[in-house]
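This report refers to the structure that appears directly beneath it.
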Amino acid sequence: MSWQELLLELTLMPLLAFVIGLAMVLMMRRIAAQIQRRVGPPLLQPIYDIVKLYSKQTQISHGFIHELGIMMAVGGYIAAEALLPVPGMDGLADKGGLITLIYFLMVPTLGMALGVGQCANPNGSIGISRALTAMLAYDIPFVIVVFGVAFHYQTTNLAEIAAIQQAHGVSGWGMMEMPLLALAALFALQGMMGKQPFEVYIAPAEIATGPMVEMSGKFMGGLFVMQSFQYYTAGVLYTILFLGGGENWLTFLPKIFAVVAIPMTIAMLFPRFRTEDLVRLMWKWPVMAGLLGLAFVMN
Amino acid sequence: MDMGTLMFAGALGLMLIGTAALVLSGHLMRMVFGLALLESGASLLLVLTGYRSGASAPIILDGVVPASMVDPVPQALVLTAIVIALGVQALALGLVLRVHRAYGTFEMREIRRRMERDICDQAGLELPSSNEVPEPYPGSPKPQQGEY
Amino acid sequence: MTPLDHLLLLSALTAVFTLAAGNIRSAGWIATLLYAAQGLALVKMWGMGYGPEVADSSISFQLLGQTMHWRFDSLSWFFALITVGAGFFSSWFASGGWADHYRAQGNSLRLFHSALALNVFSMLVLLASGDLLSLFIGWELVSWASFLIMGLASTRAMGYAMRYLTYAIAGAMAILMGIVMVHAQTGSFEFAALAAAVPGMSNGTLWLLLLLFGGGFGVKMALVPVHLWQAKAYAETPGPGAAFLGAISSRMGLFALILVIIQLVGIGRLVGMSIPYTFLDARDLLAWVAVFTMIFPTYIALRQHDARRLLAWHGVGQTGYMLLGVVIMDDLGSAGGLMHVFNYATYQAMLFMSVSAIMYRTGTADLNQLGGLVTRMPLTFIAMLVGIIGLAGLPPMNGFVSKWLIYRSLVAEGMPLLFVGAVIGTLGTILSVYKLIHNSFLGQLRLEHAKVEEAPWSMTLPMLSLAAIVFLTGYFPGVVLDWISALQASVGLPVLAHHLGGVHFAQGGLDMIWINSLLIAGIAIGALIFYSTGRSQRVHQLDNYAGGHFLSADVRYQYSDNFYPGLLHLIGPWYRKSFRWAESALVSLTDALSLAMQGLYRQVQPSIYLLITVVIALSWVNIR
Amino acid sequence: MKDIKKIEIIQRPPPPEPARRTNPLARVFDELVRFCQSRSMFMLHYCTGCGAIELPPAMTSRFDMERLGIQPMVTPRQADILLVTGYVSVKTLKRIILTYEQMPSPKYVIGICSCTVNGGMYWQSYATAKVLKDYIPVDVYIAGCMPRPEAVISGLRALMEDIRTGRGDAWKKYYQNYDFYLGNQQRLFGEKWQTPTDVIAEAHHYGMMTDQTLGEHTDLLEQNEVPLDALRTRLKARTE
Amino acid sequence: MNNLILLVVLPLITAFLLPVIDRFSTLAARWSGPLVLLITTFIGASAWLQLGTGAVSLELGGFRPPLGIVLYVDQLALLFAIAVSFGTLLLWPYGNRGGLRQQTLTLLLAGSGSGLALSGDLFNIYVFYELVAVVSYGLAVSLRTPAAFAAAIRYLIISGFGAALSLAGIALIYDATGTLNLAQLAQLAPEKLNDLQGLSAFVLLLIGIGVKAELFPVNTWVPEIYATAPKRVSALLAGLVSKLAVVVILRLLVLIFPQPEAHTLLLVLGILGVLTGELAAWRARDLPRVLAYSSIGQLGIVFIAFSVPGEAGVFAGLAMALHHLLIKPALFLLAERWDGSLAGLTGAAKASPLGAALFVLFSLSLLGIPPLPGFWAKLLVLTSLAQMGAALYYTGAVVIMLGMVLEANYLFRIIARMYQKAPSTGTPPGHGRLDLAISSMLGAGLIAAVFLLAPLADRLQGIAAQTVDVNQYIEAVNPVPTRNPI
């Protein structure tokens, strides 16, 4: 692959991710509205929001780390998209595989945590404390899944994982071969996307959206951008691990949207878990399912 | 039972009596006497090792060696032993006297207790008690709640 | 004079110099230069870092029919590099403002500097050991040198140093027992003799040796059943000393473990030694010990509110990664474990330094009494930031590379539970390092810290240099991996195929140059987006939304104590203090026994024992 | 539901023609931004009084504000519009002002219920502020006791229209006439009145200083000002 | 060589003459003791140089062995005889401490101690042993406090009991063999004493002599005496007297009782000694008793070492014994002014930096920290134990190590106290100049030993080899072939 092609891919992948991610945000809000029997936002609402936020006159900053946090949050995801192979574009998937990606995804979290910390707002700190606890909760089932998949396909290269699944058709999908792991991953996904019932770290009425409490203007805009990347990443990652990746965009897009739609649908049906209940739940059922699935994979 | 065995038994008996006095009694004087008995018994035992039944005294008169004589060596030895024992007993009595003068008792238990207290007083310590727990290392702070 | 002699001589010279002239103002600087000279002497032995060279020392002793000798190989060289480097940076840090501060508190600078120099010297002697006897001598020297530097600061520190000492002596005794057993088996203290005798040994003997050596070395590494001593002892050590100890001291245990158990006994033998009635073998045992060492101390660290203790507990936890990596014993894992030694040394030293810089300026390391210092001490903040990213093992720092290698090899070897355990450890690390940086540098700046200034250059420069090393070796891990592959070859482990940016691995490799460039580019784009729109306006920290409440500076609203209440509400009851209980039970037992023995010697009737003994002994000989 | 979309928008006089910019693209851009601002309004509903009870119906499935791009937010930092719903007691007013000042510009205030207009049924009360716009600039009043959700939606749409056309700039008045507002606040709260937000510095920052910004009341503020904390950002911004 | 008898005789005679000399000149009386000891040390040293690695026996009064009294001089005996002379010289009551009585007793101790070391005859050993015992009672009460008297009478009772038993043991031996000459006994032992009677005799002798050697469990006097006697006396008792008893036990073990049962008995008692001593020391609250209990533990290690048959065990045990001989007196001298509670030692290092440093040095060597001599001694013990391979011997090794852990804890607890900041209530006292000088000398010796380790080890190994060489002993004494006296 020539460097021009690579550069093109590296430019295209985050851009596509952003666009798809915006659509996913919209879809999420529409699903929520439908479940609540509302109309929901107009088609371009995510763009309106982001443009408005970036065009605010007042951009309140609590210091450089506050700003750096947002840059890391957005930049980390932008970088992470280059590691996620999509149909026709592998990007840098071979330079660092699944494990690297998992760690990459912690960079935005850390960045945001730093930024929130600098704000010196106790609500924000409480939110971060809860968010990190939640990360501890859902990452344990998730790494079990990661291990199982990587071990099953004997590689951590995401592009190869997708390719192996595609070689065997639908029956070769991870979901078919490792149903328990797929289930555990779905649980973890719900937590990773911070959707109900696992969104105690935002808890708007209690701690005023927690980490976002001091985020205004383009800071908030950055977080909106990050959110769309986040949905995209979650959808694509799950698709690659369990749904055969993307043979082409026609099959790929429905898959990733479907993946994201599931947590949204579940989210609107449940109230909120407390932090310790969240941890307890995550460490019980998904971990059990994951370990059981792992046992099937390993033998 | 010939004479030798009898005396052997007697020596052992002396030792036993002495030991009993030493161990069973808590009275200092009795202990010292027990010690004396014990030493006598031991000396008797030593002398008896040279005893031959029916032999004569090991005295060579005019170059005539008796056909059977008792071994002279233990007799020589036991003399020394008796002298030493005597010295030790004298010393022991002296010490007992001193102790009695200081503590006014012959009871070993009481003496032991008073001695321990004296030692502790001199070192500036309380009497030992099982209630007191030593620190495993000096200045070791008591762990607080929640601290690991 | 061989190059090794030069190194040891220089090191001894440093010790002598600091002993003689440790009190003069520039002693720290001169000592730093001397450490640099030791570094140069190491560089002269560069060949060992890249190939199978061995340097002998011309010193050797003949005693009791045994020869003691000293020599350096790739393994020693790698550890020596870290040792001398840690000494250099710690001494640098301790040279300028810190030294004045320390002296002003009524402490003896001479004692500190000479303790540091003695530590470096004794570690080099240990690293150079050429047989079991010289290994033990070096081991004891290191233990006592550590004791010295731990205990010199305060009564409290001495208390923890005493605890360390008790553990260390117990460990040393285990090692001595092992050495004596080897001697009984082979009649020699030579490494070669042990290696030759291993195939002929029964599994039982080998298990005993493994437990003795492993236990003894494990004490120094603070592996799990014997981990209690380390954190507090390190935490109470004066700042740069803690940096030094944290960076390298307990790694001596790993060195010895690699030397004796990996190099001499060998992996093949370890895997063959199965634990009865289980499906585990000796290697699994070591690996599980390593994993528990990661998990327990890390979660203990989570509950600390003293920054030094928090870091020190992490030090205990990170040892687990090194051991785990090494005992996986494939090319990836062992390289990961060994690289973690280097990486960990760099950022742990830096973290301890930044904490002592905070202490230098604010006088406290209590995380509940700090906050918001980033505006006051930005350089120190950078150091700590780089450090915690490294410690948490996130890209782009070097800690990521070593952890990646360990995880990757666990996947390749198919060890899921170990993998999950390691991840649990890492997650706990992330949680507590965030607490560390949040409670000290972020959040509300306290009124009394309003006038705090940045630490002096003599302190920030070493930190920043270390930060640069952390970043650069994260960018180009091949630099370190070169040394490690030479080491692997010399120890007899499979050699890792690598390049400047990472590793080749057929089933998903790693290229840090790409990864880091990608991350930097991503963040650069993020910054571009961020700065392309309106100028942001800085507000002060009281202009903060608190539910409509008016905040004021005299009120403390920093969220610091019990930072993870939800988690601890759940897992709090799991902290059973079992090890602590076991330790105190042991002390109580000793105490009770001691009391009984004293009672024995306080017997009223002096002759009763004599009688009893005579009776028993006579009956015994007569019954026989 | 379709009926709701047909609610008549109250006709208002056309906005004054904004000054022509030389760059036509910039104008398009401004238009776009204003459009987006009008279609994405995050509101902070400060539930001061009874009017708040009408907001849930306005938000949920019956009237569904979200189709207009209006979402509730819980912190002033994220919010664009401040809904003051009902009577404003003195104590509450302090919080309202604090919250208002913490909102990033451009920001809009909607006074709901008659109480915010003239005190309403509480006009005799010793403890309420009668006229909200004396203390902060108000963009839209929605009168009624209480106004029905339709009225609320209608008021919001009026505000949207104002924003889209560039007339919704009441927030600028706060900077431009700060002395006036501060004076009223001081009259109510006393001379020691002070908020953490440095409005004057912000006025500097956005170039909205007029001769009305500073005056005797700001002088009084400066005299009585307690340094809030050691971070010197406030003074620094003012001297720039 | 023949003047070696002076080692015994000269101090004894001088001791008895001392009151007479004192009549004429107090000064002469005060200095005649050291002078005599200096002479005997010199005689011993010159004999050492002359002796080389050989062994000779000196017959007294012209009687040939086995009937005559024999002094057997080999390296071991001479070494300890010199140690006695030199040790008493060092620990002499200088400055007229305790008056004439002390000087007399010390001289008596020197004479009888040398005799004990050099005797080649079981009964002479008994006699000298009793003499040493009597002298030590006298020394123990030199402070003349009630507690000292009480401790001494307790000591006397237990020691007298032991002596009587050993006398009975001697009787048993004589009964079996008809001789008390060690060389002849060594010849006869394999056939005549290799039975129950012989073993019983050994038990009686071991327990009897073990009282002085601080053998468990007949050492209950140790903490009492060391706590009540002056530290100089404790130093003599712990350093010299106990070692002399150890040497006697070693001789008996090597020459007469090589049975495995004897070794096992010694091993078990040694193990128990280490355990009880170290454990009791862990809780001790004043320095003299800490040192007393620690001394019990250390001697336990010596016994454990001697329980290993053959040259290795003797070598290791001798190394341990000599090391302890060097260290304990020095530690007791340091404890002279530090004899209060341990808590009172806080800040002692400030008052006496050299003393504290020496204390650290000795403690380190006592613990066996390389490269100090104590380590090599302990290494020898441990390797010899491991060579045996039997479970009981391994137990011994493990117990020694446990003891070291405990010892490290309690010794460094004290040291940590010393180096703490002094309390405001007053600093603990510094040291007397003389005590400090002697301790420093011993400390210097210890450090010199580190550098002379290899030659010292070789020499000691030679001594051990000579000691276990029974034939050399027999040949050197060359007793008249045994003859039934009846």
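The chains carry the letters A, B, C, D and E, assigned in the order they are written, with residues numbered from 1 in each.
Just so we're on the same page, a residue touches a chain if its C-beta (ideal position, glycine included) is under 8 Å from a C-beta of that chain, and two chains touch if they have at least 3 such contacts.
Since this is a predicted model, take the numbers as computed values, not measurements.
Connectivity without subunit C: the remaining chains split into A, D | B, E (groups of touching chains, all others kept in their positions). The chains in contact with subunit B as well as with subunit C are E. Shared contact partners of subunit B and subunit D, listed by label: C. Set against the C-alpha centre of subunit B, every other chain centre is closer than that of D. Taking each chain's centre as the mean of its C-alpha atoms, subunit B lies 21 Å from subunit E.
Note: centroid distance subunit A to subunit C, computed from Cα atoms, is 35 Å. Between the CA-based centres of subunit C and subunit D the separation comes to 58 Å, rounded to the whole angstrom.
For subunit E, residues that reach two or more other chains under the stated contact definition are 154, 157, 161, 165, 282-283, 409, 413, 416, 420. Residue positions 155, 158-159, 162, 166, 375, 445, 537-539, 541, 543-545, 591, 595, 598, 602, 607, 611 of subunit C are each in touch with at least two other chains. Counting partner chains per residue, subunit B has residues 19, 22, 31, 108, 112, 128, 134, 136-139 touching two or more of them. Inter-chain contacts, as defined above, occur between A-C, A-D, B-C, B-E, C-D, C-E. Interface residues of subunit C facing subunit A in the complex, by the touch rule stated above, are 371-372, 374-375, 381, 385, 389, 392-395, 400, 404, 407-408, 410-411, 414, 416, 419-420, 423-424, 427-428, 430-431, 434, 437-438, 441-445, 507-511, 514-515, 518-519, 521-527, 529-530, 533-539, 541, 543-547, 557-559, 563-567, 569-571.
By the touch criterion stated above, subunit B contacts subunit C in their complex at residues 19, 22-23, 26, 31, 108-109, 112, 116, 128, 130, 133-134, 136-141, 143, 146, 148.
Across the complex, subunit C is touched by residues 75-77, 94-95, 98-99, 102, 195-198, 202, 205, 227-231, 233-234, 237 of subunit D.
Partner subunit B is touched in their complex by these residues of subunit E: 67, 123, 126-127, 130-131, 133-134, 137-138, 141, 145-147, 149-154, 156-157, 160-161, 163-165, 167-168, 170-172, 174-175, 178, 180, 224, 227-228, 282-283, 285-286, 288, 339-341, 344, 409, 413, 416-417, 420, 485-486. Taken in their complex, subunit D has these residues touching subunit A: 1, 32-33, 35-37, 39-40, 60-61, 64, 66-67, 69, 73-75, 77-78, 80, 102-106, 202, 206.
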